[in-house]
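Have a look at these structures, which come just after this line.
Across the two complexes that follow, subunit A remains constant while its partner is subunit B and subsequently subunit C.
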Partner chain A sequence: MEIIEMLYKLLPLVQGFIYPNEIELHWGLLIVLYPYITGLVAGAFILASLARVFNVSEVKPTYRLSLLTALAFLLVATLPLLAHLGHPERAFEIFFTPKLDSAMAMFGFVYAWYLMAVLLLEIWFDYRADFVMWSKTERGLKKWFYKILTLGVNNISAGALELDEKIGRAITVIGIPSAFLLHGYVGFIFGSVKANPWWSTPLMPIIFLMSAMVSGIAAVMLIYMVTQWLRRKIIDMKCLDTIGLYLFNIFVIDFSLEMLDLIHRIYEAEESFDIISLMMRSNLFWTQFVGQILVGTLVPISLLGISFFFSAKPGARKKLYFISSILTLLGIFAMRWNVVVGGQLFSKSFLGFTTYKLNLIGAEAYIAAAIAVLPLFILAALLYLLPPWEEENR
Partner chain B sequence: MADMNNLSRREFLGLSLKSIMALMALGFPKKLLAMTGLDGYKMEEHLWGYGIDVDKCIGCGRCVDACKVENNVPDEPFFFRTWVERYAERKGEKVEVDSPNGGRDGFPDLKNKKELVKSFFVPKICNHCEHPPCVQVCPVGATYKSPDGVVLVDPGYCIGCRYCIQACPYGARYLHPKKHVADKCTFCYQRITKGLEPACVQACPTKTRIFGNLKDGNSPINKFIKAKKVLVLKPDLGTRPKIFYSGIDKEVR
Partner chain C sequence: MSKPISDYEHIKRLLIIIVMVVAGFIAARTMFVPKDFGEYGHYRGGSLEENMSRPLNYAGSGACADCHENKHTLWSKSKHKTVNCQTCHGALLKHTEDPTSIKPRKPAGRDFCLLCHGKNVSKPTHFPQIDPGSHNPDLNCADCHNPHEPKPPAGDG
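For the complex of A and B:
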């Protein structure tokens, strides 16, 4: 059996003492991916909502793009969870016979609510007028596709459009707390595990939420730049600057919260502190200190800061934004890794460590890679079918 | 309308009877009988508890072996319903802990014994917590606490999400490598409901492990708790373990 072979290879790598059942690290790469993907969804959606609810007209060009990005990632958000279950065929028990005080049980409902009641509805109301138009101008299969999407509502009089706008706005207003709920809740799944001192903190949902916004905004920024380049269109610098400023501000808040958590741990120095500080200095040094904090946070924050305070030229700003958004996405991934994997490296006896080696996990690595690139294909398809570009539509 | 209602109710009753009979034919009622206490076991009269007298343990590992055999626990050294840890304290050094193969084959001799201050063995099992975090987190209720205080997993229901393994502060759970469901100590439920002791208790040659009904004032476990000063593991987490230790040292978690 693959798993037992792997465990025999891990056995000699154990450091110190761990409970014998702890050699297997139970939540691996797939579960790292899960909060990463839901975070991108929540973040992208919140960026879209800014444009709509708070009337931030600068970020309008990315409004629809953000919604489609959120949808593309939301559609795959449950896959990593499903793939890691011992019995995926029983997954629907979570819906049919949920245990209401389990943090995980509620995820299904929060997810369904967010997908059906918020995101799909908002996209539909926003695109409805276009569906009607495209169903008239397009030909063949595409024509029928849009016809079906109109759901038979063909009225595009000024009054009807105004109503669309009103309903869309109302959905966004409900959507913002829903997006907060979706991801804050993912943080709660970890933050409420009192057995694990690395996870157990009431700050966890807030930190997850902030980092979700950071990653979602960075993702939309990157996708916007790349799609404009691919389509040989001009990048709207006002839009990019505004997004960059949001990214900078929220990133600073996120980083402060994470440091607050760290300082709190160091100052309180509870029973688990020895093993946790040893872990941060050794096992997590590269992924946390270097990957997450240095390269994934301080560098992008500084680059963004430079572009604002030294009012760099547009060409230079674009480059700075481009690099910062990539580093940010890597940094938040490292953060998810350090939370999920880091929390399982040390023994709950606080006397030793197990290891997690990507080259030993076998099929899980390929499944995770496939799930990670899938949203990009979905997004490409969405962009083709529901072009979000302003200049062509309006 | 009234007729229709009656008809459907009659039909429904018939169907229910038929399904109950089908279930009976499948051998289901045995379990059901055991649970309702119809075969002599009265669940509501029991609350199971367990004591460990650390000073008596010699680290022979017979309990670990007996458990693996009785409960078909996978043989490999990564899956244990019970295991034994050895603590060794040397002058001026940190305590050294080991549990090779869960202590199943006993323990190798300790090195440089001259420096040794003290050493002792600590058997571990699921604490059958009164407030079990594993039960709290299970998204489908596959892990549950039965009225007699035993924390069990329903292998036909568990989806293998492993949340309970994360939530257990004591490392008492593992994912069964073939069944892909969570597994852990059951106090040998198949034995205790027939009036037998758990396999580990029976196998222990030194009476380190004590078992009994907390609701019965004269049970071995109640005598043990009265005679000794007992502790539970990680009391600060509020899990309220029902495994009571006598003679553990500050390093044991």
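For the complex of A and C:
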């Protein structure tokens, strides 16, 4: 009965008629963060594969940086889920007793495959010659760290390196569909919830994938600019322009797909559409129309467009890229928010709404903030241990 | 072009590590998967026993009729017959075991009734609902309505 009396306090959060199990919104900020982080991983990896597989030589300066960025974010990608579910000690059960017909339960294997079979191996093959070199030139703990990573093989003969190159290339080729799988999978999870009209669309995996590429490319672009600035090195404008152009192109495709989805919903006007359009005009107005579409998409696309079409000077282009990459990252975060939270705001009765009140001094916000910042520290450590900078290595 | 064998040495060692990881996983699996896993389905068979041994809170739906026959008869013919006794009175197993010292709760005031009967444009119009601001705001619902046999009080149409 005390439980029922708790409803008195919760009812002001509710508008209209909703079912009791919809009052509390279960997938909160942490679940928003999860597809966001995974998207950054997939996007950064795809940028790396541009250099490796598609031979876009202009983006070569960011090849290793992209791989390390992908690794730094991939290492924390599961943390929002573990924090959300509680009981992190049970995490291994999805590996030990795999449930093959559950997409959610197979995530562990998708993740493990991507981390261990793709990313770690690719980085290892790419850095192996450097490990051998650093194990000879460095001292102390670092020397041993590199020594262990060489697996005790110091052979960097032309034949061995050629083999590394071939295998690394093969792994990248396998890695591209794997990156698509990793993020397409996240969209698939949402897209396959058939009871939820806001999520259930076969376009969802594709939209997630495109937005993942957008956010990952924007993240590497920003990290490249910031690290070059911190190291007082010159930014390779050819590289930055190429990344900017890819960002622009993929962003346009991503935005078109999202708008296609929206227009399709408006035109089809299924029975759920009344509540969805009401939600877009009220609860999601600021995060979707303003945050995602205007500030997070149209402004950065326009800024990128301006820098190309008006052939802005390098200094101006850098500023435009800098601003548009930050806005892009915010916009994609808003997109994840609108998908995850939006899908739970309206009732399956299509007659009411609940409210998501993020307690800014609650545990969820602290944990989410910590998880969002952690990859930057991991990346800093990786950059220290595995310097990706071209001018110093080659 | 054939390569000297030593060029493959690091690959060999890497493969050994991969085999060790996979073997370690298989070994861990045999250790950590409970013996009764999959006995009935994709879960531990023993978890059924564990759940059955958890303390009960709710009495069976017929339990109330044993002592409260009048109320039960009234209720079972009323419009509230789909609302279980324990929906309003709370979990009652302990009360059935010790009826004198453990008393069920009686929802007082208006808030509880309004959970269902507060006016809401989203509800079907045939569902009885009132605007708490204008509908006798100073009275308790039970002053006029018997929750076991809810109907408009006599003379109220």
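Assume the second predicted complex is superposed on the first by the 379 of 394 C-alpha atoms of A that agree within 3 Å, B and C clash if a C-alpha of one lies under 4 Å from a C-alpha of the other, contacts with A are read in each partner's own complex, and residues count from 1 in each chain.
The rule is simple: a residue touches a chain if its C-beta (ideal position, glycine included) is under 8 Å from a C-beta of that chain, and two chains touch if they have at least 3 such contacts.
Since this is a predicted model, take the numbers as computed values, not measurements.
Once the two complexes are overlaid through subunit A, subunit B and subunit C clash, as defined at the top of the document. By the document's definition of touching, of the two partners only subunit B reaches A:Gly86; subunit C does not. After overlaying the two complexes on the shared chain, residue contacts for A:Leu351 are found with subunit B and with subunit C alike.
In the superposed model, A:Ile167 lies in contact with subunit C only, and not with subunit B. By the touch criterion defined above, A:Ile306 reaches neither subunit B nor subunit C. By the touch criterion defined above, A:Asn21 reaches subunit B but does not reach subunit C.
Number of subunit A residues touched is higher for B, counting subunit B against subunit C.
By the touch criterion defined above, A:Thr97 reaches both subunit B and subunit C.
By the touch criterion defined above, A:Arg128 reaches subunit C but does not reach subunit B.
In the superposition on chain A, A:Lys194 makes contact with subunit B only, not with subunit C.
By the touch criterion defined above, A:Ser157 reaches subunit C but does not reach subunit B. Comparing which residues of subunit A touch subunit B with which touch subunit C, the overlap comprises 1, 4, 7-8, 11, 16-17, 97, 99, 349, 351.
Chain contact summary for the complex, subunit B toward subunit A: residues 76-80, 83, 85, 96-99, 101-102, 124, 133, 136-141, 157-163, 165-175, 177-181, 237-238, 253.
Residues 1, 3-4, 7-8, 11, 16-24, 26-27, 81, 84-88, 90-91, 93-94, 97-99, 101-105, 107, 189, 192-196, 344, 347-351 of subunit A are the ones that touch subunit B when the two sit in their complex.
Chain contact summary for the complex, subunit C toward subunit A: residues 3-4, 6-11, 13-14, 17, 21, 25, 28-29, 32-33, 37-38, 42, 87, 89-91, 105, 107, 111-112, 115, 120-123.
The part of subunit A that touches subunit C in the complex is made up of residues 1-2, 4-5, 7-8, 11, 16-17, 92, 95-97, 99, 116, 121, 124, 128, 150-153, 155, 157, 159-160, 163, 167, 349, 351-352.
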